[in-house]
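The same subunit A turns up in both complexes below, where it pairs with subunit B and then with subunit C.
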Partner chain A sequence: MKRSAGSILEFKVFNMDGFLEQLLVGVSTGGVYAIMALALVMIYSATHHINFAQGEMAMFSTFIAWQLIQFGIPYWFAFVLTIAISFVISCVIEVAVIRPLTHRPVLSVVVVFIGLLVIFNSLAGLLFGYTIKEFPSPFSNLEWLSISLLTPHQLGALLVTFALVVLLFLFFRFTTLGLTLRAAAQNPRSAELAGIDSGRMLLVGWGLAGAIGAIAGMMVAPVVFLDPNMMSGILLYAFAGALIGGIDNPVGAVAGGFIVGVMENLLGTYVVGTELKLTVALVIIVGVLIFKPEGLWGRRIVARV
Partner chain B sequence: MEELLDIKGLDAAYGRVKILRDISLQVRRGGVTALLGANGAGKTTCLRAICQMMVTTTGSIHFEGVAIRGWRTARIARRGIGHVPDGRGTFLSLTTEENLKLGAQANPSRSAMSSDIERIYEYFPRLHERRRQQAGTMSGGEQQMLAIGRALMGRPKLLLLDEPSFGLAPMVVRDIFTILRRLNTEERLSILLVEQNAKLALEMSEQAYLMETGSIVLSGKSSDLANNETIRRVYLGV
Partner chain C sequence: MRQALTFVSLNHESTPRHGKTRTHLSRARTALFAGGFIAAAALAFLLSGYQLFQATMIIAYGVALLGLNILTGYNGQISLGHGAFFALGSYLTAVLMTSFGVPFWAAVVASGAASMAVGYAFGIPAVRLEGLYLALATFALGVAVPQLLKAHFLEQWTGGVQGISLDKPEAPFGLPLSPDQWLYLCALIAAVFLFWTAINLLQGEPGRIMRAIRDHEIAAQAMGVNTSHYKALTFSVSAGYTGIGGGISALAVQFVAPDSFTMFLSISLLVGIVIGGIGTVWGAFFGAVFILFVPALAESVSKAAPWAVYGGVLIIFMFLMPSGVVGLLRRVLHWRN
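Presenting the complex of A and B:
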């Protein structure tokens, strides 16, 4: 990591360069949290369930990408292929495991999500082993991408995040499929009356969440290295981000992801230390749930009794 | 005249709770049929049963001679039954225009969507003024117009209306019913109308059915029912 040459103020608190660097690194990791938060929101807004297995599914997708690259497939081709495969896997899970639980109590669904989490974790260990693997970055040798405070990969991952958010926005805002997806998530019964197959929309929603998670996994793996437990902490940060933004609001979730990334880095560096970083996420989760359950930009739902 | 909708021996239940017993009901092509009854008589459930929404059913439902009972709700909608549900079913965070576009999903050809939207705006000029507005921020009357407009976007042959007058000012109700009459005469749209306001419903319809606790207890020409002693006393208050 670069520090400004010859600076006398090497201690942390008043080093402006160091602060900026931590801020930007926070923004960069926040991008990954933002993508994962989007995947969570995608499923939550349609089903009102938090997919606790989302992180492990993303990790598994990243292993698929790793395997494809090991086979000698060029990075970007493997990238696209992985997204497609993850879409399909996620759809299969929806049909085979989640759909049969449609009218079951919340607790049953939660247990199934935890089951999926464990299954994907063990499956990855079984198929690919528990040793930590290096995952390539497509940006690492692009010198022009490097600005003084961020590595080329951090900047590249940030660009991917922005591109994804913009694409998703355009998709949901301007395409018919996007509109029907929003409608089915918001009011499945009315959607059915309008001739929209809500079940199919749910399937597409799951597929999209899986595909989005895969992108998050592939972007974070070069930083944290690939192993079956790679995503467990990241999912917590993403969950905190989604909660801050309002769990039913995609734009809020993206903003929340960035906020958590920055807070985690700055608090980790200057206040609580690296060891307690994950605690920041947990404090945020508990804090939001107690003091502002609807998040900063979410809708407060008042149930009529 | 030919029957457009023909229901025979229909039972319907929410889970194990049986609501409808042995309903038989017809809607003629191009006609308006009213379904009357007090709160909780099963009128809304009857409309839901036709669309297979939230209920399980036994019996027979024929639409244009095709047995549709047991079909998925979305498929029934695409077959030509527009349902303006209880509570209007508006997509509250979407705009008027987005709501109308969604309605077009029930039109299998999905062609001429923009000219269909223009046609809805001709019937309901208020919706044109509000076309970029979030539906949830509109008045009750505007939302009811939007709900009807959304159902019309699917180019239905039969329109099921669940209490279109509910919670609306008398002036607004009059406007909406004027437009419904126009749709019936100008476009030969058949209507099955559920209404608590029995006077309004009997004026608007040719055929009427009276429901009590999940069964049909009286049926006939609307003009005859309007003169029926029980109906006059209990439902018309005269």
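Presenting the complex of A and C:
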């Protein structure tokens, strides 16, 4: 009904409030993409690998949170516990599966990531079942959070996103661990000469990525409902967001996540309908990358010959 | 330029130094191939029903994987969306046969040619993208194609979500062959031709140029290679092979539908070339066997979580043979010498 461009009907349907609402909904889903994009950047900047299993790991973390809540643990306690568990799981994967492959060809590592992806997907189905589950939102009963255009959860998720970005910024800027992490990611060899154990930093980077992914999962689950395939589309949008913003730039990746979220939502509502929105969003992203291959805020890679 | 290019890619392909060894080797190889071909053709009369179908599917996947390996293994361009070309080949074959009454062989050839054209058109902008960016662009292609196949404006040919059923070709001239045997033999002959062409292509100058681009694009450029032209051409050849593989599989399955060509197919193809051996011709065969049989095997190991088993097998393979089955075989042969 909103699809045919230029019809008289469309002018009636299009109103500023509706547009603003779609824009804000886009910003709120974009927040989740931004968090996932951050998780991807966390691992990419240290190892130059895209963790294709990141989304499934986040989904698995969300299932852990769901299970904890089912046990009767209060939401915020379960939230923190899940983040801690995800941190540990992620570290274990780094040590057990990824570290032994350090000097292997890139594509072998890609296949291992695909292996992890299907393992987590299958295990989640086996342990928790394939039925779609409702996931509670901690913000749903906070009426004061609701402004006219967004539900309390959408606003709450947005606040969590901003809080996370600010926290990470402060962490990387002002703490010793954050600085050493950045040093190890930027130049492992020099960092080691300065006494930094870059292997351990890699471990922490993976752990952080797992923890950040868990937050994204718990924020998106109340919206899309929880099932083993919950994150596959989200990971793709996050990947696109990270690339469009600049994969080596956390701030760019966050901005990219928001851009993709808004674009996806507006395209789906006003231009092509929900069925083709993924395709169209991807085509536009690829189009941007063709003209700006390093992303909007990425560093141009200069190779020495 | 040729010598310089050989020099660039010396690390990867050992060039025989003595002419004598070379002819000796190639004679042994020809005998091996001829023997292999006769054995494979004999399978048409030894296998029956479902097994013959599986053998045809191995050929279909093998040709498709060879196409992807030409692109990814020999030219260094990663594709997460080759399922799109497989789908294109399948659908074109089905549509040409059912809506236009084209004979099956011509339909497969036309599908290959059309896939080449589409591959070239996609390759032109894609040459600007590298590594992850190309992965994303091809991923977009892989996502877009199944959605397009469902689209309304194509429904009169594609049959929308329902897909298309087609008939297996009958053997001509009253040959005493069942349709299954006829299709298998035709596919086998096509595969022999395609593998032979690929080997010649990859061992000749085009192959050297492809590898030079993969190993050091700037150096290849400095040596006078028109890299974007060659990258687009490689994309085109690769898409053509994968399209023909898709066409053969459509004939074997006798049915095409959008849901057979999800992202999972594209990812399986990538898994197939890595398991078989990146940058090897015969890896395509082992990869095809892997992607056809391992999911079913995993299901027989654990009905509850077959994909966990599959993922575990993938990881174990990468730990044991990071350069694929062919890489392992080469290492074993080398070690014995």
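As a convention for this text, the second predicted complex is superposed on the first by the 286 of 305 C-alpha atoms of A that agree within 3 Å, B and C clash if a C-alpha of one lies under 4 Å from a C-alpha of the other, contacts with A are read in each partner's own complex, and residues count from 1 in each chain.
Quick note on the criterion: a contact is a pair of C-beta atoms (placed from the backbone, for glycine too) under 8 Å apart; a residue touches a chain by one contact, two chains touch by 3 or more.
Source: prediction; values computed, not measured.
> Under the stated touch criterion, which partner chain does A:125 make contact with: subunit B (first), subunit C (second), both, or neither?
Only subunit C is touched by A:125; subunit B is not.
> So, A:180: does it touch subunit B (first), subunit C (second), both, or neither?
After superposing on A, A:180 lies in contact with subunit B but is clear of subunit C.
> So, does A:293 touch the first partner subunit B, the second partner subunit C, both, or neither?
second
> Is A:229 in contact with subunit B, with subunit C, with both, or with neither (first, second, both, neither)?
neither
> Scan A:101 for contacts with subunit B and subunit C and give back first, second, both or neither.
second
> Which one hits more subunit A residues, subunit B or subunit C?
In the superposed model, C touches more residues of subunit A.
> Touching A:111 in the superposition: subunit B (first), subunit C (second), both, neither?
Second partner only, subunit C.
> Please identify the positions on subunit A that touch both subunit B and subunit C, taking each partner from its own complex.
Touching subunit B and subunit C on subunit A: no residues.
> Within the complex, which stretch of subunit A touches subunit C?
50, 97, 100-101, 104-105, 107-112, 114-119, 121-123, 125-126, 236, 239-240, 243, 247, 275-276, 278-279, 282-283, 285-286, 289-290, 293, 303, 305
> For subunit A, which residues are in contact with subunit B within the complex?
176, 179-180, 182-183, 186-187, 189-198
> What residues of subunit B sit close enough to touch subunit A in their complex?
51, 53-54, 72-75, 77-78, 82-83, 85, 89-94, 98, 101-103, 105-107, 150-151, 154
> Sort out for me which residues of subunit C touch subunit A in the complex.
Subunit C reaches subunit A through residues 72, 78, 125, 128-130, 132-133, 135-137, 139-140, 143-144, 147-148, 150-151, 216, 218-219, 222, 267, 270-271, 274-275, 278, 304-308, 310-315, 317-319, 322-323.
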